[in-house]
Amino acid sequence: MVIPMNSSISKILVIYYSKTGNTKKLAEEIIKGVKEVKDIKYVLKTTSEVTKEDFLTSDGIIAGSPVYFGTMVADLKHVFDKFVGIRKKIGDKVGAAFATSGDESGGKETTMMSIIQAMLIYGMIIVGDPLDASGHYGVACKGSPDKETGINAAKLGKRVALLVKKLKN
Amino acid sequence: MVIPMNSSISKILVIYYSKTGNTKKLAEEIIKGVKEVKDIKYVLKTTSEVTKEDFLTSDGIIAGSPVYFGTMVADLKHVFDKFVGIRKKIGDKVGAAFATSGDESGGKETTMMSIIQAMLIYGMIIVGDPLDASGHYGVACKGSPDKETGINAAKLGKRVALLVKKLKN
Amino acid sequence: MVIPMNSSISKILVIYYSKTGNTKKLAEEIIKGVKEVKDIKYVLKTTSEVTKEDFLTSDGIIAGSPVYFGTMVADLKHVFDKFVGIRKKIGDKVGAAFATSGDESGGKETTMMSIIQAMLIYGMIIVGDPLDASGHYGVACKGSPDKETGINAAKLGKRVALLVKKLKN
Amino acid sequence: MVIPMNSSISKILVIYYSKTGNTKKLAEEIIKGVKEVKDIKYVLKTTSEVTKEDFLTSDGIIAGSPVYFGTMVADLKHVFDKFVGIRKKIGDKVGAAFATSGDESGGKETTMMSIIQAMLIYGMIIVGDPLDASGHYGVACKGSPDKETGINAAKLGKRVALLVKKLKN
């Protein structure tokens, strides 16, 4: 029997929907933080690319959405809805959220909370961005992420990766 | 030019998504209350039937969803998302929400709140079910609506219809 | 019997808690909009000044809070909690929310939603700020209100006042 | 210097506010699950008894509230608000929520979410009740906890205790 080389490698899935490119950019900033942690792989996928297999084989899932009417965009909600059959196998994976909006108080927070609610019902373990970032529900910005948001996004990615690693050992 | 006979007739749109039939039944109970108010028409449509025209020509919109992962089902969110272009014309219509769930504390409230959030961002005027019903975010039940839920649903329908009428005069 | 002169005068109550003065300033901007509507009186009170009588004699209530940990400050929640005995008499008054925060995505939206949830359970009719303001859950800003926020605040105050007036006639 | 015997002992704080006794009973059911895990101590305190020291010395915090107007009772919110000074030291503790209500869809979920929001802003790591319980935001019931709710409450307590233990090692 051959022990797989990557048995100790954990995987983080970052999924997003992006029309303008802002949410994609924020996803990429999060990946930078994930990469800072050793022995962690990542997969970056859009809501139309992601598969049940991606959910099942990941140890952490970070999901992002532009703000449409106060909760995650239908395209992302559709992913959570259609994967209902694997819900019972998702429990104890680590989850986190991110969002971009057109308006300052226009639904970023409630959009992140809608993602967190879905993840809680999937049985996941939830973190926001760490206290040395904004220390709130996740990473969010109006429009395209600026430098500070990028740094906070990386901190969120790193936090999820470190927690995934700690829980695996 | 002929002045239409129904110029003083207001219209309530009840939209829902239903897979098991429970949310449809709850929609029908709400309609019973709408019918109690004179000079109010109603339209009952599923999320796949509803059109922008239905939104534009209605004076009140009551939207319902089964609970999937804590917020409205993607099919209903998709309706709100894709009608974004008519958002600025929806303001001041009356809105209300309803939901059915499989689990008692499994997301009925947050599902109704997700609908209310979308309606607030559409600029709508929001009511929950009245104080002589449950007096909360809207009408909700686990599984199929029982008799009491049916009565409360009718009270919500009637409340929306009466408010629509009052605002029109 | 003397019919009171002000029988057709409606009243808007603006309540707030403010430690830094930011939420107080935002309350004052809202009042400017209320004043634009004829035959509307207003009362501006802090959470420690407000009485049950203020709630009962008002036709609209606009409540504001600084952001503390994602929902309204305990001092404002305490007001809603302790007035539970008059809940059944509040139904059909108009309600709206406002908030100020220290961090951009730090809980303004969920704080306003927490106020809106309380108001829905009081049976109130809820509006956010109008579509020609930000068109979201209410008026909110980071720190002290700037000029644009002030204008939006006035629009919220005016919207509530106009709706109160319409419902009274 | 003497190394304390309990250096590897983790502590779970269960805090609650209870007027009717229902939320207290639910807290006690949660404790039963905490006790199932070896090397875990617990402290059960009301919102008026709890101290900053309790927050600082605990590895996990499970907070419960009766439902008052859709979010946690002011007495519990006041605890989160007044401990703001130690926020930066709370990060990475494990958090979970529970609630009891008078009405079936009357705010249990949004009350638990209000607690979870506060905990996220304290930087905590959040879990709901596990997938073999209700698998949602936490443990909640209408009125006094029945047998099934008691079992689910114990499962939540055990989940938090196991996660605390895993994170400490």
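Note that the chains are named A, B, C and D in the order they appear, and that numbering of residues resets to 1 at the start of each chain.
In the analysis below, contacts are C-beta pairs under 8 Å (C-beta built on N, C-alpha and C of every residue); 3 or more make two chains touch, one makes a residue touch a chain.
The model shown is predicted, which means the values in this text are computed figures rather than measured ones.
Enquirer: Under the over-half criterion for shared residue numbers, do copies chain A and chain D use the same patch or different patches to meet?
Expert: same
Enquirer: Give the chain pair, either C-D or A-C, that is connected by more C-beta contacts.
Expert: Output for the comparison: C-D.
Enquirer: Measure off the straight-line distance from the CA centroid of chain C to the CA centroid of chain D, and report it in whole Å.
Expert: 32
Enquirer: Take the average of all CA coordinates in chain A, do the same for chain D, and state the distance between these two points in whole angstrom.
Expert: 25
Enquirer: So the centre of each chain is just the mean of its C-alpha atoms; given that, what is the distance between chain A and chain C in Å?
Expert: The separation of the two C-alpha centroids amounts to 35 Å.
Enquirer: Tell me, which residues of chain B touch at least two other chains?
Expert: 70, 106-107, 110, 113, 117, 120-121, 135-137
Enquirer: Please give the residue numbers of chain C that touch chain A in the complex, ascending.
Expert: Against chain A, the touching part of chain C is residues 70, 103-110, 112-113, 134-137, 140-142.
Enquirer: Report the residues of chain C in contact with chain D in the complex, numbered from low to high.
Expert: 68-75, 77-78, 80-81, 84, 106-107, 110, 114, 117-118, 120-122
Enquirer: Going by the contact rule at the top, pick out the chain A residues touching chain D in the complex.
Expert: Contacts found on chain A: 87-88, 91, 113, 116-117, 120-121, 123, 125-128, 130-131, 135-137, 163, 166-167.
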